[in-house]
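So that you can tell them apart, the chains are marked A, B, C, D, E and F in the order they are listed, and the count of residues begins at 1 in each.
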């Protein structure tokens, strides 16, 4: 009975740890792959914002 | 005449025991449920018929070098049949909905509570003298709550082969009864408002994500829980064949000829364990009762986890899809969809429920790995 | 050089015995009959080729751990291959015509007389010193008259494995020769008027009757003749999968991939028994002669039973369909149809002959069960 | 030889008994199922006759 | 807590060795090559995945009663899987181009020079102390030059099972690399004028010739080289089923369900030999280097034989098709076609190259038979 | 090494002998079968020539 309780706690803990790690790994994997593939990729607005940001950065930095 | 008396002595009328007669009746009931009520027919037709064959007096089909006993030794004692079926299930599984919404994996985790609570219950009731299950038996019974046939057969074959017949019958019967077992629990634990929650359309999942996911899962299993590797390894292998796009002929055969052939012999071999001595014992009633509890508890914890997730995450989910975390693919997902439609007739939860549904397959295979590691010496 | 002499010593030219050369010739004849004359090609192509492989000198394909010997041990010694084929035959069998006219079962019973008369003949000729068959051999030879390949292989594998090659070759060859063997006997035993008898259109048979029939047959086997349960059990299982309508994917695989795969290895394994030592012996001639007698006697008793039934029942049957009671599905039914058309060109007996045809399968499986119980220790 | 004769008699007897029982069981099975399913079932005339019979029965029986 | 420490001790993180980690990486590389680069995907997906499963620490899938080890014992130690695959290859092979131009068999003979030269090289380098291969190992490595998967696996399983993993990986990888390995060699050994040679259209081959050819080949094997009979016998059997026209259902199943099922388990079983102890050894580098040499030498000798044939026969052939004599069906034939088109864009050599291509399959099976006879005790 | 050389010579010799015999047997087989099947068979002209020859033969021979 006590053995069963320990087993339950260890078991549920392992299940949750395993699936939590899997959630994390899956999210990271999806993000990495999306970035690699550019899919669905940044929208036109986002691209415009990024381009603007880069230009501002370049304009501001005399050290580059 | 001597020969006629020999024929009479060899006849079933002469040899039939009450136990065999009752087990033939049980086989007929399983066939009736499978054919007339469409209870998991692929397995209950084969198990039911195998059970009848195993109880034909004097024929010895389930002993010695009888065909069913050979099938049992070759396919179940070795673990090969459930693993091959699991490969086929992998080849039939679409991880798309899970990849689009990975947090549904938590629902599949929570629903495994039914497994472990039932294990605890079986041990507790044995301590009280109601049943007489040891740790291995209790673990094998708990796994009924995984709502996944090949996992249950694989674990029972390893931990408690003498209970395999009852455990397989319980697992498949309750999987078929999911439309009756789950809705009351789902309604009791959710408010009308919760059941009405509409979920945002799932994003498209790229082919590359689908290919990488089974490998990712395999690597995690290898690093964290190798004892789950036979089950999840074959599952990932089937899924990789499905998704990689370069071995379609292998994937097709796995999804059709191979899984069908193995299902036939798996069912007959499970049926060979439906002997009167092993099935007509009080522990079978215990298994049926505890298995039902495991399903109910798994359903409840899946739904409650859905509610909990809504407390901590921004994007709300409908807690009904938590019930699909027990597995019972795809029946439990359909039940979630149906109960959702009752509350809001524009609320199609089916695809959303497929995520926890396949997460439940992973979850119970993980639970099976833990059991085998900690309980099977 | 040493190596070249080793190559020469290992060559077939050096090692070939007359017996092997003749058996390779026998294999080629079987292939010729199968391919050019379409004699039961599914089995005679595989058996014939297996026979050639088994007689390649020094290759050892049919011994030790050679592939054909492995197939023999795994599939025929265990009984598994003929039983799986029988399951496939069940899945391919339509019991409709039999259910529409159950009294045609008597025709299938009568035609088994060929089996038992041949058994008696084999023992008698052995007593006269012509052959040297014991009870087990005689029983295995008699079963050729069942005109049913898997039944013959199953029984021979149990009772007289050393005769299996010759028995299987005889059974399949005569099944192919049914269009030559049966018509003279059918014409000799019937009048022109009898051959002209037209039969009333068969009634429709409901799906429920089709589902219940294999279970009914299984229960009768369990109660009356358990020794026939392996064969008839698998047959009923295949038929139930076919008819129950809820496991069509299993039924399809059983009728196609599974039966084809097993047929290939069954044929090769039977071919492995076509060794010169076992086949080029006088008893093979005895088996061929007795097997022919068994077919002829079975045909005759089927036709005579048809005439007898007409004496005692109101609704007349055309006695030609009695010849289909030997089995040889569906060839014997087609022969009955053809001979019927000769007498009356509007008389289509095909569907009527399918009843006794499948009844003959049941009948010879019952006879096989009796043999195994009474003769196999 | 005598053994063979006995075997033939016992064998043919068993075959005939088994298949006779099967004929009987099949006929009974078909009848029962046809009745259960109402297939082909009573014709309209038969139904009319049955209804009439029931009404006559009711009319005649004060004990019901 | 005790259980948590048990879980940690059983985890891969705790048990993983460097060797296992590297081998998992090797498995992933094979999967990458198979999926992203389409290197022989049917085999490299299954072998690669099997290799990963075999290296999961503590799971024991490739040992004892683990599924992959069972598949290895049942299918490869017995020789059954490669022989069944070879039967399937026979059923997929069209001997038409070979029958239309039988002298292309000489190209298939010449290309086997790669096998024997590599054997010699392996022994020579071992004598020099570079490697440490005995006669059996050298023979098994040489057979990589046969460019034929099932033949290589069959021979390695018989002569040097400890090298089977590396040999199979080398064989399938180089078969996939044929489009890179062969063209430079082909161009170096031929003149522009030779590469431009157009060949006369192949004649039609009658159905009867196609039926008789596998039997003719089988009889020659029986008379001259029985040790090649298991491989070539099954190959001829598959081809006869294909061509005879009366067993199409068996042929279809052989070409689809059966070969697919066996491919899955063959690949997993080969993967089970990718353990760190057996694969991460210097001899694997030797096998990879020697295997590459075998391919190159086979290609060269095939091309040179093409040039030689043009010196002695009237009807010229394009020596490029000699390169297809190594086998690697149908990749090498496609390569010959492509290189031919580069020289002369109206020169379609594909059908002409199919003759030496299938001749190479026969040639390396003959070489395998010689090896097994002379080297395998 | 010497053993390997012998093996190479014996092996290549066997391969060539085997495939040479196969070439010969295949050529003979194809010729025999073509003749048996009359395939590609005599052309219409050849048939006419044969018929003419037969008629001439018949006309010439009083012994038939």
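Points worth noting:
Here is the rule we go by: contacts are C-beta pairs under 8 Å (C-beta built on N, C-alpha and C of every residue); 3 or more make two chains touch, one makes a residue touch a chain.
Quantities reported herein were computed from a predicted structural model and do not represent experimental measurements.
Contacts with subunit C and subunit D are shared by B.
Listed by label, the chains that touch subunit B and also subunit D are C. Note: the chain lying farthest from subunit B is F, by mean C-alpha position.
The pairing of subunit B with subunit E is characterised as different-residue: of all residue numbers used at this interface, under half are used by both copies. In this assembly, the C-alpha centroid of subunit A lies 73 Å from the C-alpha centroid of subunit F.
Subunit A and subunit B, compared by their mean Cα positions, are separated by 33 Å. Between subunit A and subunit C, the centres computed from C-alpha atoms are 66 Å apart. Annotation: 42 Å between the Cα-based centres of subunit C and subunit F. Shown for subunit E are the residues in touch with two or more other chains, namely 3, 7, 224-225, 256-257, 370, 374. For subunit D, residues that reach two or more other chains under the stated contact definition are 7, 10, 14.
Across the whole structure, chains are in contact as follows: A-B, A-E, B-C, B-D, B-E, C-D, C-E, C-F, E-F.
The part of subunit B that touches subunit D in the complex is made up of residues 1-4, 7. The residues of subunit B lying in touch with subunit E in their complex are 78-80, 83, 211, 215, 218-219, 221-227, 229-230, 233-234, 237, 240-241, 244-247, 249-250, 252-254, 256-258, 370, 373-374.
Against subunit C, in their complex, subunit B makes its touches with residues 3, 6-7, 10-13, 15-16, 24, 28, 31, 34-35, 38, 41-42, 45-46, 49, 52-53, 55-59, 61, 65-67, 70, 256-257, 260-261, 263-264, 268. Those residues of subunit E lying in contact with subunit F across their complex are 98-99, 102-103, 105-106, 108-109, 112-113, 115-117, 119-120, 122-124, 127, 135, 138-139, 205-206, 208-209, 212-213, 216-217, 220, 224-225, 359, 362-363, 366-367, 370-371, 374-375. Taken together, the subunit D residues at the contact with subunit C in this complex read 1, 3-5, 7-8, 10-12, 14-23, 25-27, 29-30, 33-34, 36-37, 39.
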